[in-house]
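Shown below is the structure under consideration.
Letters A, B, C and D mark the chains in the order given here, with residues in each chain numbered from 1 onward.
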Amino acid sequence: MTAQPGPLRPAPKVAGRILDAQLHLLDRQVLDHDGVPVTTVDDLELAGPAVDDAIEPGTPAPVLSALLTGPVLGTRVFGGRPPSSRLIRIPWKDVAEVGVVVRLGVSGESLDAGWVERWVRDKIIARIPGGRHDPR
Amino acid sequence: MKRLLRVALGILTAIGGFVDIGDLVTNAVVGSRFGLSLVWVVALGVLGICLFANMSGRVAAASGRATFEVIRERLGARAGLANLAASFLINLMTVTAEIGGVALALQLASSVYYLLWIPVAALAVWLVVWRVRFSIMENVTGLLGLTLVIFAVALFLLKPDWGSLAGQLTPAVPEQETVWTYSYYAIALFGAAMTPYEVFFFSSGAVEEGWTVKDLLQERINVLVGFPLGGLLSVSIAACAAVVLLPAGISVTSLSQVILPVAEGAGKIGLALVLLGIVAATFGAALETTLSSGYTLAQFFGWSWGKFRRPAEAARFHLSMIVCLLAGIAVLATGVDPVLVTEYSVVFSAIALPLTYLPILIVANDPQYMREHVNGRVVNALGMVYLVIILVASIAAIPLMIVTGAGA
Amino acid sequence: MILGDLLGNTVQDADGGWLGRVADVRFALDGTAHQLMAEPRLLGLVISPHSAASFLGYERNGLTRPWLLARMLRWRHRGAFLVLWEDIAVVGAGSVRLRPGYTRYSTALQDAAEA
Amino acid sequence: MLANPAPGPAGRSTHPGRTNVGALAPAASALLGVALLTGCSSGITESVSTAVKDSSSAVATARIALRQDMAGKLTRAATSTTLDDGLKELQSSRSTVLKLSPVTTVDRGTQRQALDALDQCAAGFATARAALAAGDGGTPSLADGDKALADAQDVLKQLESTVASP
């Protein structure tokens, strides 16, 4: 057996930064390049071997391809999973920085993740008098 | 000089903003039934809210993150959502109670039935949330709320027997009450002093006003001086009730009874001031709770939020507040007694406390967020002690509510 | 595959013996940096024999305060270990099986200080 | 029904207050037995005594408000709101008592007595409100209102003592 007494040996060093999904990514606030909140990281999408297939030794590891948001939050809490077409993705290539928050390198206006906000703004809030009034 | 003024203003608004309908009603009820024998709970609650408000403000200033973002990030989606559901519902109850409180106070001033005042009050709350700048909103309601000091003044004018009043301060169950009702109201008072919305609002307000670590000293003074003085105000409400209502065999069930001791001691001028103070305090608290509903939702789901943004730039935040106000109006329109809603809301607050304060304590120790501004040893020790107290209160609340028939 | 499919899954060794649940998934950003950030590659799974609940940020990055809370959470996650991707045989719905002779590594983060 | 209509210790056991948990412990089992025997009877007594307590609180509030109004310490709006609130409290107490379904003659007597007393309170409130509406120098005067409420208060006090220890 591989169970060893005493402290476990440290994992082999890797060249780049290490991110733990729960610890550093999930449930973090996502800001766009102007610092405007867009959404939270509700789940992550991996590109790699399909579920249930035996993994051949030497298979390249899955890669984190996108941050997910939208209905996937509900399924993460209550179980089940939405069909792939219902996932709202923020591709990893748009991510600029991971710290206390996740910062994007693009504007939130162009993202699918912002459509509800834009709909509420254009159909309701902006139509109420003073909706575009700057409070400062 | 200008800095001194700012500090003074901060303290004054902290005092005036401390009391809300929950504190008013619970303290008057307790004063009229238990005298001053529960004052120790107010002291305990005030120390607790100082501790955690200060901590959440420090987290907000150091990391720019408000409390509910922290709750979601640390508790995860599932426990975070449970907390959101509980906090949001309690918040909604509190919004309802505060708007009801504004309406009841306006009825006392005008004799126009309070249900007619409710849409007016809710509309006024929405207009301020929609249009008025955050700092003006805070300062005006806070300063007007200071007129509640009339409770303390009235207490002196009533010329009570100070010796026997001080004698009531020892924790003891009065003979016409039971241990159970005593404990139930202890939890209610604790919940009223430590309502979670105060922390949501306080930390979000720090982000709204763009506080940084440079403002930490001022923040600390506001909290550590303002809140205890606000607590003294709460105690004077209870003391007034204990002096005038307790001997007459009156147990408080309506807002009209809360103001009688002030009129007794300070006459019509006192009455005018206390009504102004109650309207300002409950209106201010209605603003804070309405905003808090928006803050909690937006921070959990990661929406854009804040009064410093144009409403159109925080669309879902503003929409959720409009919906909350409408829901509050709908609840009040059923004719439910706002005082009763208040009494339940403070007890439910006590139940939800642990889920809010645990993540704050954890994050306030995380250097990733706080850099060198992490908690000190004393604060951590106190925080752990309070966590235990909060947990006990939270677990005991529901059984006590059933045993006592909600304090009857 | 989404991460939700992986977190909380039961983990078995090659003979089907119970090892714990997937408590976290570790990524390494050592891929090509043609974008804003390097592409994160799945490095391994953090497996906890007692609880798949959140660590609330304790463990792994050396948080020790408040002392009592830190002790309690560490105790709940005692015996947690990291297995590398190379030691994973199958990822199924709800479960993960490891290869024979897999290696347990410490879950401590190498860059705990700067993280 | 096992109800024991006799003016037994059950009445005393539901006496509001005086409950000392420490002293209760040894007598607990005995009291429990008696409470079970007289279950229905003590339920009525308890409801009536709660209703009486709530109503006397409302009447006392109204009297303070009237006295303050006469002394020029309270505005008409505040006084009338206070009277309205008190009347509401009284009405809810009255409807609780009205909904009780007593089984024994003694309980029926208690219920009727309570309703009579609460009606007198309501009459007192009516006089007080009429006085407030009549304004200064009108009839009835605020003093009449206070008198009517004071009488109602006496009746309540009597009832309180009979319900507590029959």
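Here, a residue touches a chain if its C-beta (ideal position, glycine included) is under 8 Å from a C-beta of that chain, and two chains touch if they have at least 3 such contacts.
Since the model is a prediction, treat every value here as computed from it, not as a measurement.
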Leftover contact groups, counting everything except chain B: A, C | D
Quick check for you: compute each chain's CA centroid and the global CA centroid, then name the chain with the smallest gap between them. B
Looking at A-B and A-C, which pair shares more C-beta contacts? A-C
Report, in whole Å, the distance between the mean C-alpha point of chain A and the mean C-alpha point of chain D. 63
Whole-Å distance, C-alpha centre of chain C to that of chain D, is 67
On a C-alpha centroid basis, what's the spacing between chain A and chain B, in Å? 36
Distance between chain centroids, defined by C-alpha means - chain A, chain C (Å): 18
Residues touching two or more other chains, restricted to chain D: which are they? none
Which residues does chain C have that touch at least 2 chains other than itself? 54, 57, 61, 115
Touching at least 2 other chains, the residues of chain B are 76, 368
Interchain pairs in contact, sorted by label: A-B, A-C, B-C, B-D
Which stretch or stretches of chain B touch chain D in the complex? 107-111, 174-179, 244-245, 248-251, 253-257, 259-260, 263-264, 267-268, 271, 275, 408
Sites on chain A touched by chain C in the complex: 2-4, 7-24, 26, 43-46, 48-55, 57, 60-64, 68, 72, 75-76, 81, 87, 92-98, 105
Chain B-touching residues of chain D, taken from the complex the two chains share: 16-19, 21, 50, 53-54, 56-57, 60-61, 64-65, 68, 72-78, 80-82, 85, 88-89
Where on chain C does chain A make contact in their complex? 1-7, 23-31, 35-44, 46, 54-55, 57, 60-61, 81-82, 84-86, 88-93, 99, 101-111, 115
Touching chain B in the complex, chain C uses residues 53-54, 56-58, 61, 63, 65-69, 115
